[in-house]
Amino acid sequence: MAEHVYKKIELVGTSGTSIEEAVNSAVTKAGQTVHNLRWLEVAEIRAALDGGKVSQWQVTVRIGFTLDDHG
Amino acid sequence: MAEHVYKKIELVGTSGTSIEEAVNSAVTKAGQTVHNLRWLEVAEIRAALDGGKVSQWQVTVRIGFTLDDHG
Amino acid sequence: MAEHVYKKIELVGTSGTSIEEAVNSAVTKAGQTVHNLRWLEVAEIRAALDGGKVSQWQVTVRIGFTLDDHG
Amino acid sequence: MAEHVYKKIELVGTSGTSIEEAVNSAVTKAGQTVHNLRWLEVAEIRAALDGGKVSQWQVTVRIGFTLDDHG
Amino acid sequence: MAEHVYKKIELVGTSGTSIEEAVNSAVTKAGQTVHNLRWLEVAEIRAALDGGKVSQWQVTVRIGFTLDDHG
Amino acid sequence: MAEHVYKKIELVGTSGTSIEEAVNSAVTKAGQTVHNLRWLEVAEIRAALDGGKVSQWQVTVRIGFTLDDHG
Amino acid sequence: MAEHVYKKIELVGTSGTSIEEAVNSAVTKAGQTVHNLRWLEVAEIRAALDGGKVSQWQVTVRIGFTLDDHG
Amino acid sequence: MAEHVYKKIELVGTSGTSIEEAVNSAVTKAGQTVHNLRWLEVAEIRAALDGGKVSQWQVTVRIGFTLDDHG
Amino acid sequence: MAEHVYKKIELVGTSGTSIEEAVNSAVTKAGQTVHNLRWLEVAEIRAALDGGKVSQWQVTVRIGFTLDDHG
Amino acid sequence: MAEHVYKKIELVGTSGTSIEEAVNSAVTKAGQTVHNLRWLEVAEIRAALDGGKVSQWQVTVRIGFTLDDHG
Amino acid sequence: MAEHVYKKIELVGTSGTSIEEAVNSAVTKAGQTVHNLRWLEVAEIRAALDGGKVSQWQVTVRIGFTLDDHG
Amino acid sequence: MAEHVYKKIELVGTSGTSIEEAVNSAVTKAGQTVHNLRWLEVAEIRAALDGGKVSQWQVTVRIGFTLDDHG
């Protein structure tokens, strides 16, 4: 097993639809600048409320990726 | 930015369908007696099991709302 | 299984005798204004000391009850 | 030592000036509807940022008070 | 209320689809060898990432069941 | 000091009487199938409420025992 | 209200009988060398097991006392 | 509500004067390279001591900002 | 990616030599009865002291393995 | 870098004015009997309330100092 | 004492040999792109298992460094 | 089993070599003034960095000892 080093960054993804979609939005954004995304951990689930219902899911994720040419 | 004070209450919403629906049930209930709901934080996710599968999602949320005429 | 919503309130019960009695004092007090008490979680156990011994147990509990006509 | 029961409520006080002022705003608000406030615990310190600096301190406090005629 | 004893076991369910499906996969597996499943607590939500998106939800659950003829 | 390996299992003992009795019920149950019980850690104290008082103490314990012929 | 400074020390009291007695044994011991004991917080509850039952409750407490002539 | 993604970074601000000033120093530094700072959470408060008093407050903050052209 | 279910068990490994050796002793023991061990998480590091030095490292690990023919 | 050993003690400082002053009161007290104070960590912020406002800030700090001739 | 601002980044270092080596691999990697590394905190210790033993230590560290020309 | 009372003190041991050596340095120091050391719990692992590598391991331990003639 090669001895990689990984970095974790913390993003908050949002969605009007579901917790999974909020997570996906963060992963998609991360993938635009970082390659080799490997795993994520859900750190916190919140939501904005408007008009007496959930208007936006806000999910904090820590995303881990292989550190090759990235600091 | 006006200097509001917010109150947080803790509810457990339930649903046979999904985590999001369980959260929504708590928000809907809160909205019947409290106005100005602003945000929520998911504190705990549990489920009742029956017949070897999930019969009810039970999600504890802390709901924050603006304290105007409410104690 | 009916889809109830529950509310949790946080009380600190006290007793000169035991941890259980301190919990009971909180439950009794809660029962005077709220019906349908369902469960509790012990959140913290403290005690006041006087004359080199425990003079009062102070137990913080989160009490859950069915939200029917209660906000 | 009389065997009181205490209730804890969770508020978020805000201030443009300092953490202490944010706490005070929550205590003042609580005092408008609840008497016999006894102690508080700071649970979380956050701030809104605007124009590259802190625009509002937001401090979550749990306020304990004697339960006499209050549920 | 009969005085049962419950046991909790910790499983990690997985799914390519949703958090709920990952939980269900763990419950289904547990039900193959253990009867009287009663409740679960979600302990951790993670995901494997592949090709810049979530390839597998991984949800750690603690499942409680009645201990009758099981150690 | 011999180099043992220990296993910890998580049980929830119950009692209508006291926290200690709830713990004892879990230990007694564990002792029916596992030998060499060595220590326990109380992880959580809850109670079911019925008729406005505690009907059942529910105490989660992690019990450690020497792993000799047990997996 | 005078501006005292308090010190907290951490003790583990033990008892073959109950959690409260284990706490009391720690308080009694602390009182032999420190005066002005004011409060305690229960930090951890464990037990030694022997012969398939609890042989000794072990309760970790943090005891607070007024610092006058004590470091 | 637009579906933004936010990033959180963790800084330690310092000040010889106050906790608020230490937080401000971190926010000011972050603002030099990142725009759209939105909120912060205080994660830890420490201080260096010198000559028997606080010489420097050290406050760890997690700062959230909108991810537009920033990774 | 196949949709496995994993189980986690909690063991305490011990060693007179090092933290790593204590972990290894737990893994070796687990491997005698469980196959498909996949990962572990260190949950707690303790040590027994004797004669004024460490006599035994005691490391609690949660070991995850693929659930195929194992409950 | 010399291989020092440090000790941490836990004090609660109080002040009618501010959180920083409460911390300072604890540091000043510690400095009367211990030398070589090096750092502190804020562990808890509480306040006593009287007459509907904060009468006393109570801040628990863990103070670290070099162990030379002190046990 | 100059009023620096520090940044913390989270890396996962790996090693087939020891926990210390896994930490070192993360520090070495960080040093390739960041100067002025000052301290680290171990946040989590995990290991991959293969063939019934530890194949790779995986240690999550938060590394702090002086923010001078780095965002 | 005799009903002892134990005290826990918190030390930070340091070493340029390993985590175990840092722990040992704290135990050795404690043993110079306290007898009957019984166990320790590792509470935190940090390191100072210098020249792009670990210059000093800093391990916080809570050491428990029998309270006989010691306060």
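The first chain written gets the first letter, and so on, giving A, B, C, D, E, F, G, H, I, J, K and L; residue counts start at 1 in each chain.
Everything that follows uses one rule, which is that a residue touches a chain if its C-beta (ideal position, glycine included) is under 8 Å from a C-beta of that chain, and two chains touch if they have at least 3 such contacts.
Treat the numbers as computed from the prediction; the structure is a model and nothing was measured.
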item	value
Partner chains shared by chain B and chain L (touch criterion as defined above)	none
Farthest chain (mean CA position) relative to chain A	G
Gap in Å, rounded to a whole number, between the CA centres of chain I and chain E	21
Whole-Å separation of chain centres (CA-atom averages), chain B against chain E	23
Averaged-CA centre spacing for the pair chain H and chain B, given as whole angstrom	30
Junction residues of chain I - those touching two or more other chains	9-10, 19, 48
Chain pairs in mutual contact under the definition given at the outset	A-B, A-E, A-H, A-K, B-C, B-D, B-E, C-D, C-F, C-G, D-H, D-J, E-F, E-I, F-G, F-I, G-J, G-L, H-J, H-K, I-K, I-L, J-L, K-L
Residue ranges of chain H touching chain K (in the complex, touch as defined)	9-16, 25-26, 29-30, 32-34, 48, 50, 55-56, 60
Complex contacts: residues of chain I adjacent to chain E	1, 3-10, 62, 64, 67, 71
Contact footprint of chain K on chain L as seen in their complex	18-19, 44-49, 52-54, 57
Touching residues on chain D, where the partner in the complex is chain J	19-20, 23-24, 27-28, 31, 37-42, 63
